[in-house]
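Both complexes shown next keep subunit A, but they swap its partner, so subunit B is in the first and subunit C is in the second.
== the complex of A and B ==
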């Protein structure tokens, strides 16, 4: 067991170094998209943790990301915290929000939870207009600056800000996946699976179902908050427009496409979410489609993918294939 | 005087919420799914009405088209997507939430389709009725002929539904199929078909809501998203499986929102929706008129 843990830690390290090295050889746009993918990976795996392992649904993770983003930016701007600490504040603030929401969520099931979190996703971002400190529609700007000198010097030449974004988000994403992976193998992970699989049996075995669900919601929210803070970094600002209902839906889509019980799938889901608009852009320009088509083609394709996945491979494409082989 | 004005505003928006809640409740009763695609369906049927109005230059002719279109869309969704989902559903970690996710996918699909066809820009779906409030003496009340037709239309839909559910065989079959599907099947009710009819009714109710409320604002592929949230909150206030509850919930929410708008401010309205929802779920999770089954087992 210990050996495999060391091995997996080494694997993560190797993947990380490979990705960071890779950022030297691709152009700026791809580096930025790589950073986007990393942020999506964190957000999607937070939903996989919640939905796939704890059996709760959330259409409000966009709002939790907003909490994380605003908290990070506010603490960075007003308390002058170092960036990493500001991200931590973002994650903690979202965790607090998630804890409160989770208390409500633990009493709800399926459709009620979906509707409640939906109401949060719609309601929360508009609060930014209510409080002056949150900057209203325009939001607050967020500039984490260039990479520290010692990193920039080590890697030579032009260390752009996008590359720095990529480094920060990739490291965060790897740490997140590593953390979740270990968490799911721990006592907590087992408890969540037990509750998801059979609540009554889990309760009879002495598991406190409510507490386990609230904990899952809190951890998931913290990760969503981190993703929100990173998203704010990528966009250079936090504003209500960045955390729309569409974002919440997109995350659920990514998680379902990834296969909601498959943590590694979060990478697939994230790549799909970033790549689809790219592909549809190319297709639409080749076909000479109008602006109406170009703007809506990505949404159309992700929605169709979502529906097909839910109908034909509800537990995710990967698990579905594995099952077929076994049969 | 302000209080009466606020009540009138609440009455008109509450009627719309009630229609949306009614649509959600009808689907919930027939298939145990909260249909998040309802906002999309209402948008699509309203665009159909808009298209008919552009051709015929008559708001009144366009409404029946929107209603029939809305019913047809809903029936299609249930017969094609929800049925195949139910047929293929097996035990899995997502089997419980699969229908919810499917309706979300449908919402996205309909949104992008309408965006492709009609564009994302706001368009006007105009009613010949004035949006200006009636005058009583020198005082203009915030209740226009369009508001009046909203309330009348909503009452009409509710009346028709109440009649169907209470006095017809179809209504009995609808109630039986949602109450005990297995036994209804044994009793010779074609449950699948009845469910689809329930969906069609819901689609029609949503279409009425869309066609009546849109002239007071504007039409775009996501202009009814907020209505979906209000409809859901209204349905939960009413108990999610009670039709009368949905209507009461809608009216209560409409009046509540109007007072919040009047005395606190516009920007808190949707945060208020969330807080009201949470409070209802904590204090009285089965709503005003819901059946006794708690939210935990629903």
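== the complex of A and C ==
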């Protein structure tokens, strides 16, 4: 067991070094997209943890990301916290929000839970228009600055701000996956799976179902909050429009495409979400379509992919392919 | 179970494959990245603009980029700029700073535009500033009058064209003191840097209001919000109302006031941003009776003034190159910025670079021909464009005639700080033949 842990730690380190090294060789656009992918990976894996392992559904993760984003920006701007601490504040604030939501969630299930979280996704971001400190529709700007000199000097060349964003979000994403992976192998992970598999049997074995569900919701929300703070960093500001209903749905789609019970699949889901607009751009350019087509085509393709996945591979494309091979 | 050893190994294989796919998709972009100045080839110059094509603020402003593109197409058909055709990449930001940031990313990193032209909105341009500055991309003739954009230290690559909202508020304040002394004035304004800039200008000239009514950008679409504006105006006893908002806000205010029976009881004074009569008429036909007789500020000639040589030429171009679009002040704004852009590109020389473009504006920009009535102020130390407004009375047919006497334009010029408001006559360079710059 210890040996395999060391091996997987090494693998993570290798992937991390490979990705960070890669950022020296690719176009800045790809670096930015890489950072986007990393943020999506965190957000999607937070949903996978919640839905795939603890069996609860959330259509409101965009709202939890908003809590994380706003908390990070406010603490950075008004308390002058270092960036990493601001991100932590974002995650903790979202965890608190998720804890409260989780208390309600533990008493609800299926469509009722989906409806409650959906309402949150619709309502919460518009709070920004009610309180002046939240900056209204225009939002609050968030500039974490450039990479520290000791990092920028070591790598040489032009260390752009987007590259720094990529580094920060990639490291956060790897740490997140590492954390979730271990968490799922721990007592908590086993408890969540037991509750998801059969609540009555789990209760009979002495598991406190409510507490287990609330914990899953809280952890998932903290990760969503981190993703929200990172998204604010990427965009350079937080505003209600950053956390739309579309974002919440996109994340669920990403999780479904990944296979909701497949943590590593979150990377696939995230890549797909970033690549789709790229593909539609190429298609629209070839068809000579207007900018309206380019703007709406990604939504259409994502929705179609979602429907196809649910119909033909409800457990995610990977499990589907594996099953085919084994049969 | 799910976390099976073979599954884990499979998971890593998928992860590595995903990363490899991304890397492969990334490499060609590096391999083929251009070595010369971004956006300039032997035969083309690529420019970009962000505007609301959809959403609450879109009506009217969605015509600006197509007016600009029509003018560029006209120039392209007449030889282009030093043999290069101008391409304009138009991106929709729905008047959202978040979307503005993301499409500006695309314009600079993906489309690799040479410069941005006429990007619209105060908050939107603020949101993209950091990135635009970092990349050193010239941002010409922003479609906003936020006075802050003339700050060359904070926005070194940004060139303002519109007189600032600060100037506009001072000019309106001066005009109110001049012609509306003793009246009770209410103010409706957009509650972001757009409106706040105007508030500061009014404060500078000591204009007092019986009611100040802020609205959050986008909330003008909500009838209950508009109802509150009108009831506040009524309860304040105002007989004059100033609107500092986008076209949809002006249309909503006038429509709401008509419904409340305020026709003939309140004199409306409209800031230039939301004063295009064609847009307002189309949006809220009920606003028409109040629009008729409203006073509006402008720094360009009225779009219906066919006696103006620029307007006449632009209307001809619009008919030929912007098929189906009604010529209004939005199209005029787009074409006017287009004409200035062509002069700036010509002045940047046969092998334009971003640095040469900005240097050209600094040294010769103030002499460029444009439809604007106020002089242009660009220099090495200032990125301020126009500096003044004239006041015109709107009529139901969309025309706008000077309020001061028979057809005589009077310009109220000032600055974005403590300078006085000065009345002056209009002087502007003659239009180049056929509207094709030869500088």
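Rule of thumb we're sticking to: the second predicted complex is superposed on the first by the 326 of 327 C-alpha atoms of A that agree within 3 Å, B and C clash if a C-alpha of one lies under 4 Å from a C-alpha of the other, contacts with A are read in each partner's own complex, and residues count from 1 in each chain.
Operating definition for what follows: a residue touches a chain if its C-beta (ideal position, glycine included) is under 8 Å from a C-beta of that chain, and two chains touch if they have at least 3 such contacts.
As the structure is a computational prediction, the values presented were derived from the model and not from experiment.
Aligning the two structures on subunit A places subunit B and subunit C next to each other without any clash.
Applying the stated contact rule after C-alpha superposition, one finds that A:219 touches neither subunit B nor subunit C. When the two complexes are overlaid on their common chain A, residue A:271 makes contact with subunit C while staying clear of subunit B. Once the two complexes are overlaid on the shared chain, A:129 sits against subunit B and subunit C alike.
Applying the stated contact rule after C-alpha superposition, one finds that A:64 touches neither subunit B nor subunit C. Once chain A of one complex is fitted onto chain A of the other, the partner contacts of A:174 are absent, as it touches neither subunit B nor subunit C.
Of the two partner chains, subunit B is the only one that A:260 touches; subunit C does not reach it.
Judged by the touch definition given at the top, the superposed model places A:27 against subunit C, while subunit B stays out of reach.
Of the two partner chains placed around the shared chain by superposition, neither subunit B nor subunit C is touched by A:74. By the touch criterion stated above, A:139 is placed in contact with subunit C alone, subunit B being left untouched.
Across the overlaid pair of complexes, the angle with its corner at the CA centre of subunit A and arms to subunit B and subunit C is 70°, in steps of 10. With the two structures overlaid on their shared chain A, subunit B and subunit C come no closer than 5 Å at the level of C-alpha atoms.
Overlap of the subunit B and subunit C interfaces on subunit A comprises residues 129, 261, 291-292, 295.
Residues 28, 33-34, 36, 81, 84-85, 88-90, 92-98, 100-102, 104-109, 111-113, 115-120, 225-226, 228-229, 232-233, 236, 265, 267-268, 270-274, 277-278, 281-282, 285, 295-298 of subunit B are the ones that touch subunit A when the two sit in their complex.
Residues 1-3, 7-8, 10-12, 14-16, 18-19, 21-23, 25-27, 29-30, 33, 53-54, 90-92, 94, 96-99, 101-102, 105, 109-110, 123, 126-127, 130-131, 134, 191-193, 216-219 of subunit C touch subunit A in their complex.
Contacts from subunit A toward subunit B in the complex involve residues 51-53, 55, 57, 59, 104, 107-112, 114-116, 118-120, 122-124, 126-127, 129-130, 196-197, 245, 249, 252-253, 256, 260-261, 291-293, 295-300, 302-304, 306-307, 310-312, 314-315.
Those residues of subunit A lying in contact with subunit C across their complex are 11, 15, 18-19, 22, 25-30, 32-34, 37, 129, 136-139, 141, 143, 160-161, 184-185, 189, 193, 235-237, 239, 241-242, 261-265, 267-268, 271, 275, 278, 281, 291-292, 295, 318, 322.
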